[in-house]
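Just below sit the structures, each encoded as structure tokens.
Both complexes below contain chain A, partnered by chain B and then by chain C.
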Partner chain A sequence: MATIDADAGPQVTARQSWFASRVDKLGVVVALLAAIGALVGPFVTFRENRIVLGEARSIATALPVWAAVLLFVVVALAALVALLRTHAMLRLAASLAAVLALALLVGYAAAYLTPEGNSYARISPAWGFWLLVFDFAILTADSLTRLRLPPLARIGVLVLSACALALVIASGSWDQLSIMKEYAGRADTFWQQAGQHVLLAFGSLAAAVVAGVPLGILCHRVPPVRASVLNVLNILQTIPSIALFGILIAPLGWVAANVPGAAAIGVSGIGTAPAFVALFAYSLLPVVANTVVGLAGVPRAANDAARGMGMTDGQRLMRVEFPLAFPVILTGIRIVLVQNIGLATIAALIGGGGFGVFVFQGIGQTAMDLVLLGAVPTVALAFAAAIVLDALIELSNRTGREGASA
Partner chain B sequence: MKRFLPLAIRLAVLVLLIVFITEPNVFAPVFKPLTENNAPPIYNQGSLLTLTLLHLRVVLTATVAATIVAVGLAILVTRPSGREFLPLSRSLVNVGQTFPPVAVLALAVPAVGFGQKPTLIALFLYGLLPIFENALTALTTLPNAVMEAARGSGMTNFQRLLRVELPLAFPVILAGIRLSVVIGLATATIGSTVAAKTLGEVIIAGLLSNNIAFVLQGGLIVGALAVLIYDALSGLERLAARRMAPKEEAG
Partner chain C sequence: MIEIESLTKRYAGTPVVDAVSMTVDPHTIAAIVGTSGSGKTTLLRMINRLVEPSEGVIRIDGKDTREMPAHELRRGIGYAIQGHGLFPHRTVAQNIATVPVLSGWDKARIDAKVDELLELYQLDPQAFRDRYPHELSGGQQQRVGVARALAAEPNILLMDEPFGALDPVIRAKAQDDLMTIQQRFGTTIVLVTHDMEEAIHLGDRIAVMDGGKLLQYAEPAEILANPATDFVETLIGSADRPFRYLSLSALEAVVEDGAAEGEPLPVSATRRDALAELLWSGRNALPVVDAAGAPLGRVTREALLEQAARPAA
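Moving on, here comes the complex of A and B:
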């Protein structure tokens, strides 16, 4: 008995360590979600027209046999790669292959299910599809994290993914999907609103940087100003966005009517002007606060050395304080940009345009494909902006440190 | 005097707020100049008090749910058995923050319908991120000496979590909750675009009927609520931090 017991102990731990050394914990979750998405969840929803309720179609009933088998095999292989402890490169390749297969085959399913010559039928991706995409996006994100890509490589991956997406769209394989049908009906307006959205988000950011950084420097140099400026900006931040957009209608309308030339440069009570001013107001706090924090974090020794070298206040600011504070200021800019891209959707409520136009039109018509047409590009834009700025922040941190050590 | 003044201002704001949401008609003359064509100066399509309470209820429900899930998740990924999920959960949090509130609301509608539910989902998701981030920061940066002492005194993992880690992390977690409440208060107004009963209704009614008085009322109530709740939670946080300080010295 005793010998068996003694044997059982190490065997159990050996089996456990075999399990732990071969099976990836995250992979268990990924494989489970993949199984639910592929076997339980509906792949697409089929509707007679754009506003009626649809019927769910699973992978097997939405695709011809060869395509369904292909998709099952790709998903199963990718899940297996995730489940076992494998190299990050292989995991990345498997997850990307799965995402690509899903993207192409959902378009194929739409083309396959659309009856010949019927332009009213709508086929949209259903939750099983979204779960699978989310699942393999997690796997992609995890393998990218494990690879520890340098900042420029991350931007490269982003550009490549954007190109792949553009190729898929340009190839026409998504043309029968409901969101692309909504797009086809309003391609001109779409790009016009996209331009407006970018103008609102980036323009207000630029204005906030031009005004906010000097204001932050002033706050840093004159402590009494700091408290009052930051308090006012903090309170501004608590006013809900739709209220701020609305409140600005009155004063800007008054300016347009009473200040000569204001109306000529596009100032008016509704439309772009109040949206721009509201986004600018929200952007100020992160920019000013981060400038103050960045400048306060400059080591005293660096400042003393600069003074000792006989630099003037202005030189010290430009050559020592500002470069050292730059990464923190950039972090503020990242916060503002991602926030502005999201908030700019609300501008549509007061006639300011942007992707919000489609979102609110879609909510009004209970046409969810139209909502998606507004929401998906907004999310993509915010996501891309976050990746690019995160990479820039890392780069600026690195050069800042190198500069300091050199 | 210097310490008394901010408190007096806050009390005044609180009294004003309570009077405004219970007896809004008292303020009719103040808002009258903002209206045109004899439009009503005070929101008249429902009780401001009810809307305020519903607004607070949505935010509270979402925040409580978000706190439980976020703190639970943070505990999970900081245990040895959950370590593998730590880098991924960090990047998921980052990605989550890039989703615009309007998009979350609009995308939740097909799944759960119009009304309160999509707002709750959006608020819950937005509330998760700051709390999770703060809880994670707090739990991963606990002073080593304290942890060693706790281990040395023979505490089990669970006791350590309950008696040492969570109490030490509490002020930082509270800061995350404060942030998420303030974001939630503002985001709940957007919920009215998908027919949730919140103070956003007042603002949207104003936007639709071109009545600035309504917009201003809705905005001011939400703003005042946010400032007051923010201050109250900051006070609570300082209290918690002060309570923790002597213990840290002892440890």
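Moving on, here comes the complex of A and C:
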């Protein structure tokens, strides 16, 4: 086999066209999207005030000449780097440079376009900008994947990106952007709702883990329990989220009115309590199901050996079954966390707070900038949570499952 | 000593082990042979109570095994299984130390024991202590599996098809290692196998099982010479029988005075090895030497062929 490969290799390469040997497949898509975003798509939208329809401005009309040229050059160079087969490190640098240029110049465009002393005008990023950011985010993610960074390094990249974002915001270069203007008017409630959002998403997850992992262990050990528990949780999962939030109002209202002390600890028909309970209910299925799957995946021989060498059921659970099932359980936790961060926005409908407050206020006022103020941090939070948990899953996998599948 | 008395296991009323009685003498190897579904593994697993008997008694050194909690009983009995059953998330050293840790040995004693066992199995402790099972070859995994079973110096070792997953060359080596270690520690071993060749090679006594019943429990020579039923005879395989019979004894008693040409064989070689060598080299006799290499005499084809005949009942 080896000799055939060695003989065939150069011939095949020689037969390949210049295009196929020099051009990166994903790069073609990235370059195409970059061209559309930069040349066709509007860069920002200018509006007289926050609720009227706006007019689109392209890069050339939204920025002074030097800045427009700079942005075109950076985007074109990054697209070229993406298009050709280049080293992953260079691709990463190009994509980051493009994202940074876009981030800084969209803020500059806002400052440039806002008339002197006019606090009603709104400049918001338009779809051309979003397409470019999305495009280079794909390139960033792809080059990070090609670099095969170890889990801790990926978390490091995440922290650095968060710091860079904080610096851009703190520098004031986005202050004239519509979303930051919405933020400026709501700075204190923003952080309060952010805390509430995190409390809802992470608190319900913690409760689901505390209840769900033991329930999963019970399901694993007692097969008749497994079918009934998983069926009930499956049904819970299919109830539409808005309906579940609504359904809980009546029973929790009753509990608050009739159980002594319940109201004192914050239980009520609307507000945090039903939101928390609903998120908890949605979290249970992934946690329980993954615990069951993880425990079922423990090699039979390892379990048999553990019993045969005299481990008690408790020792076997803690020393063999649980460590081997842990990566799978962690995968369930990742699913729940990302799902909860998104779902928690709906809690605002029943007075539960969170980023959803801005989303629903924004929809009510047809102010898309306000919707974005709620939506963008939610997406960022979910994205960061996914990266951190993926890294943790990989770390826990290193000493665990690898051996089981080998 | 392991005494098994009219032991029965029923699943849903059907016996899988049916009134089996047998005694395993101290410091010997008992091989339980049978086809799959014969109940041999269930019988083995009842000894350390991984399976609780429906009826009957097992006594170890005179003590009923039900007198102590099952997990404590098991810590005193080594257990090695097919496919080794190593814990994939633990290093070689942690795997071997499983029972000593459960029994609360101190760290220095555990470390010393781990290194001793690794050396015994020709695995360099420096290189292997911190590896994970998936970083080992199949043969190494199997050796670590047996080392783990022996870690707490048990008097009894139960083995369920321990060499089933190994290729023939490594398998022969693993069998020889087991014999060496059994002689060194004097461990009483009960070994389940479906391979009659392995049972004859390793067993001081062989228990043949079929359909949950113990058909015959005797020394290998007796099983070969006088199979109790047709099934036992089938299991032995009539074509291989004389050669298996020859494989049971060393050359000592067939050495006669005289000289012969060619490569000598050590007196510890089996009669089957000697006959094979004679047939293959086309000779009528070959010289025999002792362990030190000093000539003892010769062994002839005629003498060996005589020994291959079925012994008089």
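The criterion applied here is as follows: the second predicted complex is superposed on the first by the 384 of 406 C-alpha atoms of A that agree within 3 Å, B and C clash if a C-alpha of one lies under 4 Å from a C-alpha of the other, contacts with A are read in each partner's own complex, and residues count from 1 in each chain.
In this text, a residue touches a chain if its C-beta (ideal position, glycine included) is under 8 Å from a C-beta of that chain, and two chains touch if they have at least 3 such contacts.
Quick caveat, the model's predicted, so the values are computed rather than measured.
**Q** Looking at A:171 after the superposition, I want to know if it touches chain B, chain C, both of them or none. Which is it: first, second, both, neither?
**A** In the superposed model, A:171 contacts neither chain B nor chain C.
**Q** Does chain B (first) or chain C (second) touch A:368, or do both, or does neither?
**A** first
**Q** Of the two partner chains, chain B (first) and chain C (second), which one does A:323 touch, if any: first, second, both, or neither?
**A** The answer is second: A:323 touches chain C but not chain B.
**Q** Tell me the contact category for A:302 with respect to chain B and chain C: first, second, both or neither.
**A** Touch partner of A:302: chain C, not chain B.
**Q** Answer with first, second, both or neither: which of chain B and chain C does A:228 touch in the superposed model?
**A** Touch status of A:228: no partner.
**Q** In the superposed arrangement, does A:246 touch chain B (first), chain C (second), both or neither?
**A** Only chain B is touched by A:246; chain C is not.
**Q** Applying the touch criterion given at the start, work out whether A:315 contacts chain B, chain C, both or neither, answering first, second, both or neither.
**A** Touch status of A:315: second partner only.
**Q** With both structures superposed, pick whichever of chain B and chain C touches the larger number of chain A residues.
**A** B
**Q** Would you please give the residues of chain A that touch chain B in one complex and also touch chain C in the other complex?
**A** Common interface on chain A, chain B vs chain C: nothing in common.
**Q** So in the complex, the part of chain B that touches chain A is made up of which residues?
**A** Interface residues on the chain B side: 34, 84-85, 87-88, 90-92, 94-95, 97-103, 106-107, 109-111, 182, 185-187, 189-190, 193-194, 199-200, 203-204, 206-207, 212, 215-216, 218-220, 222-223, 226-227, 230.
**Q** In their shared complex, at which residues does chain A touch chain B?
**A** My answer: residues 24-26, 127, 138, 141-142, 145-146, 235, 238-244, 246-247, 249-250, 338, 341-343, 345-346, 349-350, 356, 359-360, 362-363, 368, 371-372, 374-375, 378-379, 382-383, 385-386, 390.
**Q** Given the complex with chain C, which residues does chain A contribute to the contact?
**A** For this pair, the touching residues of chain A are 299, 301-302, 304-312, 315, 319-320, 323-324, 399-404, 406.
**Q** Would you mind writing out the residues of chain C in touch with chain A in their complex?
**A** Listed in rising order, the residues of chain C that touch chain A are 48, 50, 71-76, 79, 81-89, 98-99, 102, 132-134, 145, 148-149, 158.
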